[in-house]
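Letters are used for the chains, namely A, B and C, taken in the order the chains are written, and counting of residues starts over at 1 for each.
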């Protein structure tokens, strides 16, 4: 265990050393073959020193007098993104579970829906993100005002939905015939069978699906923030700071680390969920 | 690891005629297996486990010896030591008078496990050819030998099938064919029939006896089953657990392997030997060993 | 109904049900747009998308090709790199353990966020940064899965090869590599769809103006929503082609090997 942690830290350190080592040794213009830059440029503009990134994170965001330190601003943005991703994730998981239940209950529904669900996992549905851009400013459903962050959450939910529905369907259909026969011999109905047998049996299949859904939701949120132009989140911050990178190259790295943080926190939450459900996870199927 | 030249191990001319009877007659040849004062300790988190303690055993060339005992008596460990899949903490082993490592590199023995262990992506035929292929036999020779072996185990029609298309018993027969591929003069078998149902099991047992009579190989056979041990063996080595030791060696003497048929199973002599092994197993201390079934 | 009639019906249902559902959904979508008078920025009607699609096949195909090429080269570089890295890590345990947390993190982190810095590192007017994104993204699942495959050797097979005194090379060729193939392919399947997605998404973060992602955003900013949706259809087609390619390869290899 200790060895694992030490080696893991060593791996991260090695990555940092590789960064600085490459920056030190490679030419400023990178390695150019013909017209093509095959290895990156190493100027301070393209590859700032790690310590510059760290130093920049401690400075204020901008020259305004009340500006927050950059790292605080990044944490705020990360929390915002994480919140939107979480909403999307929850919606996606609920809808995914419901779809799986319907598919398990009605065989015709399964044969009608499943091919589409499988198919849509293989195509870049994230391309849809810019298309909901104007929902925020112009969509009104009765008294309900559609907010921009909801568009982002919809994209996140959409991407989280697919792995959950497939994983849950596999799980719901996983109980052995002997257990189903047992339930039938007790004379209990579909709903009780669902609650006391099928749902618990879903857990081992659901855990990896939830993890995948969380990763998808985070990616979807970051990308949708960029393409919808939602302010306040980490995605928008990356693009904004990237645009001013020529003047302040180290600055854009803070939100990138923020995005990494969001992904890790989301995965960490999934680990906690898995712990809580450990009782049902005799063997995990990945 | 170096690859020794692909010489065929010196099988006793595969002579079926002199398939040995219960008592050995070959005093001159080196014994197939010799185990002297072997101890094997495993260290685990909860302390040391003595799997084998000061075990002595000799298996003569051409002799069929079964190792039987409760779970944890070290019978599989002993087999793994003979096969050089593991090394003893103390003591010495010899296979045909040579250290197990040398014997392994000379391909002196064939081996079969409880799982058939066939490579799932290879056909039945190429699975049987595997040891020949590893030791550099030519394509035509491999092919011929595999055909011969598959006929021997009655699976000639399944040569092109994949392992998962075969039943457990058939897979195990393929594994035995593979173990016999290089005409080894020693077969090491670790509960090869443990996962089979009773009917299949009796069938493959009889088949193993026939194959063994044809090849004249010595066999070390690990099993849980008393009738199986008695039916197949010239001698049954009864082991006890914690620490693993040889408790008793029961001679069987039901006649030459080639003459043994299913009728033997209903013979009084058979039942008598089964009783002898059972009494040896249950021992004088009155405890019932676990993990021994009476199939 | 007799049993065989039931199975026949079941077979028909498996094909018919999804097709019917697809047609129904399209019809409902069309009807909703017409009846509720939805404006195109909410969703355009399928017929409008279809019209844009047929009217602009040429430019859509050009944009799709540009994105597909980035995804393709990224995939190739990522997969080759991952295979080499997995082979090295399988041989050197320490490297495996050092890379494990990085690989785990890379699987949950939005790697596309690197796009802006990669544009500065490789130049914003060439496709290299997009290829690099696709390569990094497809590296991860192939590396993780292949390494797991190389490490997963059934104990009985290991014993068997040792008992037969197989050399390390023989053991690798007869057991380790064939055993790792299915793992590699499941990694490849993930990598393929990720490569397309990330090549496309990288375009949202900047860079040169060709490609499906750029086309979608520019169609949206000129409020031509049906055209934007038509580009999305193009993206779906690219995704499907990549998927068919990798699963076709998987099938061909795994089938041929078992057919020997």
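Going forward, contacts are C-beta pairs under 8 Å (C-beta built on N, C-alpha and C of every residue); 3 or more make two chains touch, one makes a residue touch a chain.
Since the model is a prediction, treat every value here as computed from it, not as a measurement.
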Touch-network distance, chain A to chain B, counted in steps: 2
Chain at maximum distance from chain A, centres defined as averaged CA atoms: B
Pair joined by the larger number of C-beta contacts - A-C, B-C: A-C
Length of the line joining the C-alpha centres of chain A and chain B, rounded to whole Å: 54
Length of the line joining the C-alpha centres of chain A and chain C, rounded to whole Å: 17
Centroid spacing, where centroids are CA-atom means, of chain B and chain C in whole angstrom: 50
Residues on chain A engaged by chain C in the complex (per definition of touch): 3-4, 7-8, 10-12, 14-15, 30, 36-38, 40-41, 45-47, 108, 111-116, 119, 121-131, 133-135, 138-139, 211, 214-215, 218-219, 222-223, 226-227, 234-235, 238-239, 241-242, 245, 249, 252-253, 255-256, 259-260, 262-264, 266-267
Contact footprint of chain B on chain C as seen in their complex: 154, 156-157, 159-168, 170, 174-175, 178-179, 181, 257-258, 260
Of chain B, residues touching chain C in the complex: 1-4, 80, 83-85, 104-105, 107, 109, 111, 113, 115, 117, 119, 121-123, 126, 130-131, 133-135, 162, 188
Residues of chain C that touch chain A when the two form their complex: 13-14, 17-18, 20-22, 39, 41-42, 94, 97-102, 104-105, 107-110, 112-114, 116-123, 126, 128, 193, 196-197, 200-201, 204-206, 212-213, 216-217, 220, 225, 228-229, 231-232, 235-236, 238-240, 242-243
